[in-house]
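Both of the next two complexes hold chain A, though its partner changes from chain B to chain C.
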Partner chain A sequence: MPPSILLLLPALALSAVVFLAPFVWLASTSFRTQAEGSLLLADGLSFDNYIRLLADPFFLEVLLRTLAYSVITTILSLIVALPVARFIVTRAGRLKGILLALMLVPLVSGALLPSLGMLHLMGPLGVVNGASRLMGLPTVKLLGTPTGILIGLVQSFLPLMVLPLVNTLARLPADLEQAAASLGAPATAIWRRVILPLAMPGVVAGSVLVFCATFTSFVTPQVLGQGHIATFGTVAYQQAGQVLDWPFASALAMVALVMIGLLQVAIAIGSRLIRRQEAQ
Partner chain B sequence: MMSLATTQTLVTRLWRGLHVLWIVIAYFVLLAPIAVLILASFDDGSFFRFPPQRLSLRWFEAATVSREYRSALGISSVVAVLAATIAVVAGSLAAYVLVRHRPRGARIIEAILLAPLVLPLIVWAIALMQIYSALSLTGTLTGLVLAHTVITLPYAVRIMHATFERIDPVFEAAATSLGARPFDVARRIIIPLALPGLLTSTAFSLLVSFNDVIVSALIAGGRWMTFPVRLYSQLRGQGVDPTTLAIGAGIIAIILLAAIVGELTMKWSRQV
Partner chain C sequence: MSDNGLSRVAAACLAATMLVTAGLPAVAQDFKGKTLVVGTWGGDIERLLRQNAAEPLEKETGAKVEFVLGGSGDRMARIYAEKANPTMDVAFVNIYEAPQALKDGMVEAPDPNAPYFKDVWDGMNNGCYAMSLVGLGIAYNKKLVSKPPEWADMWKPEFKGKIALSSYPGSEGDGVLGVAARLAGKDEHDPDAAFGKLKELTPIAMTYTNLDEIFAMMDAGEVAMAPMISGYVLAALKTHPDIGFSFPKEPGPVLVRDMLCLVKNSPEPELAKKFAALALGVKNQTDYAEQLYFGPTNKNVKLSPEVSADVIDTPDEVQGLLQLDWPYVISQRSDWTQRWNKEILGQ
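Now for the complex of A and B:
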């Protein structure tokens, strides 16, 4: 064995044993059940957890709601991020470094500290409602509503959309827009027919990142939903951390994993098909 | 009557103006919660209300004397330093071999190493919690550091991979052919050239570990409760202690500073 392989081992062991192996464990415990009135696992394998998941409309509703939040957050992030990424690449000049640095902040701060800020932004005595009261406007209820959660999700995960877009757009020729404009294309057509198709790899990469992050998030929906709105993340967390029904939490986690996996496979196949079509 | 050319410039100007306005609004939304967090931490009252009645440093003073928060921040720091050190060392070694030796199956190895960035951490945390419980690792420092090392490792691998790809192998080859031992090549050639990457991956690992709540919340236990776990249980339960606002504002300030310095000197956004 060449000595270089030995240098790979520590990292590989950490990833394979501590990260990947638990997924196998998860798959197996999801087919177990707890003995009556106990936290210990009963003997034998069964589909009980999955049957319970599909039979109970509550969990189906939770999964559908989470799916809806993920789709909406992805679309909103894309709408907000495209002009931002375009600006950073083409027009920011000296501001470019600062604008990119600010994008990194929510990425490394995690969802918790921004949620703490959001709580004081949206709360009944918070900045938004305090300002409306000062101006004599009616107050708005944001905390504990889907709107509040969606604002928090877009804020937290916007960088996951912006950064891949910036990387893709930066590779396009700088005079692309002028070239299209000089041929008489209006701004909307330049976006729709030139920039967007060329930015597609970044759009796909960013969308997958935002979708998966939203689907599995639990801090933002928990804190901004004030415990009133159940999503996959909050329910999975509750089952694992408080109800302590680990086999059921495992089954729930497996369902999310399979949904995310299927989505990624679908997108990979889809973009390959599109590329093949374009090549012809 | 306006000529066509003037109309066109006007439309272009309007379009460009709207674009700038869009950027301002987007960054406003992005930074609003952070700004509010900082503002709220200076509010003198026990419950933040807008507009603030009086500003003071009261909660910052409370943060420095509170034993509870000092210990939580201490635990977070210890875990972050240990995890980041292991992750950067293991990640750099692996990235170096992958870039310079390109072993068979390199793509599979890379996929395994980067898996924590692709697979959902909450799903993994639910699994890890059960295994830790079986191995009695729940609520231990070892368990916490091991988990944090795994979530920071892919950042270290990816950043160091990009770093080594940018370093021309000719320097190492020259030193070796002149008779330098591998250890000296590493110490005198590779590490100095890879320093920006090493600093970037260390900073990222430290920040990601320090701020983690997804995994820690399920495995930390009472004895090694990190600051984010403490804050999260507060947010879920009895409400916000303003002292945590002051600490949160301090952490955000450090992150802001790190991000700006890192972006301006080492182009962080391109490495993530």
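Now for the complex of A and C:
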């Protein structure tokens, strides 16, 4: 064992205790069932929870809905984050630190506070609809709708997109753009053929982070969905915290984890293929 | 800092600790250094338990009382997960969870010889000790609903789309299903009848998760009626003159109860019993009634006529309540949750 591996030990030990052990417990619980008329786990392992999950179209719908929210949130975050990141890197000057710090606020304040703030912005009597009412405009239903949840999700996870993009864009040499411009490339071509391809690592990293965060999010859909919209997170909470069917909730969590794991593998393979192509 | 320095600091800390502890008055040494862990709901309940049970207990015994706040689902998960080695001594749960916890051997069976058992109305200590009595009734907008409504009024065509329900699963939802089944001539053992009847109320105006939002919507005229559990609601109504609360008659309000459980094999059983005696005692139960409008289970509590009018506090009132078959209801929770998601919320 090379001595340098010792550097990893503290992190590994911590992960083993706070992540791996509960994870193994979760995985094993998902193969258990509760005895009839009891909340205690019955002896023996079975696939019952997974069969129930796959057999009921309700859960498939929830899965597809959660996937759809994750994809849409990722795309919206990318659209919003690219110009912001570009501004921070090229134009912000001395404001850069302040802007980055502001971007970090939603991340460090946790999911609950921003969601509660959003609740007051979007509520039927909230700031947005209150202002519309005052101006005699029609009100819009945001709480309990996909639109409301998506606004909340983009708000919550935008920093996860902005930060990797800032990182990548900051490392792009300015001469590349100047060279492209001096050869007569219009701004759109510079974006399409120079900046975006070179920013790809940041785009991929940000997209993976936002996608995974959205897929497993609980607070935002729970608070802004008002119980009207079931996502993976809210259904798992319902099963674990209210129905008290812990094995089934574990199975739901396992499915979410496997989906995220598969996504990571797909991205790893995909980026390796792209690199190989580029090398040829 | 050198090792030497560190150990010097440690020694100084130790000496300081010893000095401080030595200076403490020598009250009730027996439970000193012990900690009682109590799991309950946050807010007013925690405040009253702290004031009427935890503080007197700390003063009397020298022990510390630590509160773990959260929903009853969290506590159920915790006591089940820790059944081999419990760390929570007292857990407050809902009426529908207590019999299950007893059946699964997670909590001590209520002791009929304990004085605080005898103080509680007969037949109330199912699973754990009965802590308070509240009933599911109807909160309503007085401008839209002229007189205190009966359950059947929620189904009147003029209120279509103006009825709010709480999120499911929960006592409110189970209660409404029990009522809907009875209005359809059946009871909660016929879920098809219950869901069929309740579905007639859709689309529901909103799913409420806290009182502020539902009252704001009611004041704005967006919601006419919402089944709600008395207690907090009645306390909050004092600041909402346009909202009323009705205890219906046909059927009566659905009885909902908080239960105090002593966790089996908990680290501090003696302290837990002392805590239970204080929590179920007259002072705390009177404060529950006067401040939270939670009906007392302790029959020695004497309330003023004004408070008594708003709470369930006599055997006669309890007789009029609708009691659900909670063990059956909890066994159906999983299926009903999915039916609620699909049929009531249209997910």
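Criterion: the second predicted complex is superposed on the first by the 267 of 280 C-alpha atoms of A that agree within 3 Å, B and C clash if a C-alpha of one lies under 4 Å from a C-alpha of the other, contacts with A are read in each partner's own complex, and residues count from 1 in each chain.
Heads up, the rule we're going with is that a residue touches a chain if its C-beta (ideal position, glycine included) is under 8 Å from a C-beta of that chain, and two chains touch if they have at least 3 such contacts.
What you are looking at is a predicted structure, and each value in this text was computed from that prediction instead of being measured.
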Superposition on chain A - do chain B and chain C clash or fit: clash
Partner chain(s) touched by A:Ala240 [first = chain B, second = chain C, both, neither]: both
Comparison of chain B and chain C by chain A residues contacted: B
Which superposed partner A:Gly144 touches (first chain B, second chain C, both, neither): second
Chain B versus chain C as contact partner of A:Leu99, first or second or both or neither: first
Contacts of A:Ala174 with chain B and chain C, given as first, second, both or neither: neither
Chain B versus chain C as contact partner of A:Leu125, first or second or both or neither: both
Touching partner for A:Val154 - first (chain B), second (chain C), both, neither: first
Touching partner for A:Gly227 - first (chain B), second (chain C), both, neither: both
Contacts of A:Ala55 with chain B and chain C, given as first, second, both or neither: neither
Identified clashing stretch of chain B versus chain C [21-29, 111-119 or 237-245]: 237-245
Intersection of the chain A residues that touch chain B with those that touch chain C: 119, 125, 227, 240-241, 246
Complex interface listing, chain A residues touching chain B: 2, 4-5, 7-8, 10-12, 14-16, 18-23, 25-26, 29, 80-81, 83-84, 86-87, 91, 97-121, 125-127, 129-131, 134, 151-152, 154-155, 158-159, 163, 166-167, 187, 212, 215-216, 218-219, 222-223, 227, 233, 236-237, 240-241, 246, 249-250, 253-254, 256-257, 260, 264
Of all residues in chain A, those that touch chain C in their complex: 37-40, 56, 58, 61-62, 119, 123-125, 144, 226-230, 238-246, 248
Touching residues on chain B, where the partner in the complex is chain A: 11-12, 15, 19-20, 22-23, 26-27, 29-37, 39-40, 47-51, 89-91, 93-94, 96-98, 100-101, 103, 109, 112-113, 115-116, 118-131, 146-147, 149-150, 153-154, 157, 204, 207-208, 211-214, 217-218, 228, 231-232, 235-236, 240, 244-245, 248, 251-252, 255-256, 258-260, 262-264, 268-270, 272
Sites on chain C touched by chain A in the complex: 71, 73-74, 76-77, 80, 83, 97, 100-101, 103-104, 167-170, 206-207, 209, 213, 216-217, 220, 222, 327, 330-331, 333-334, 337-338, 341-342, 345, 347
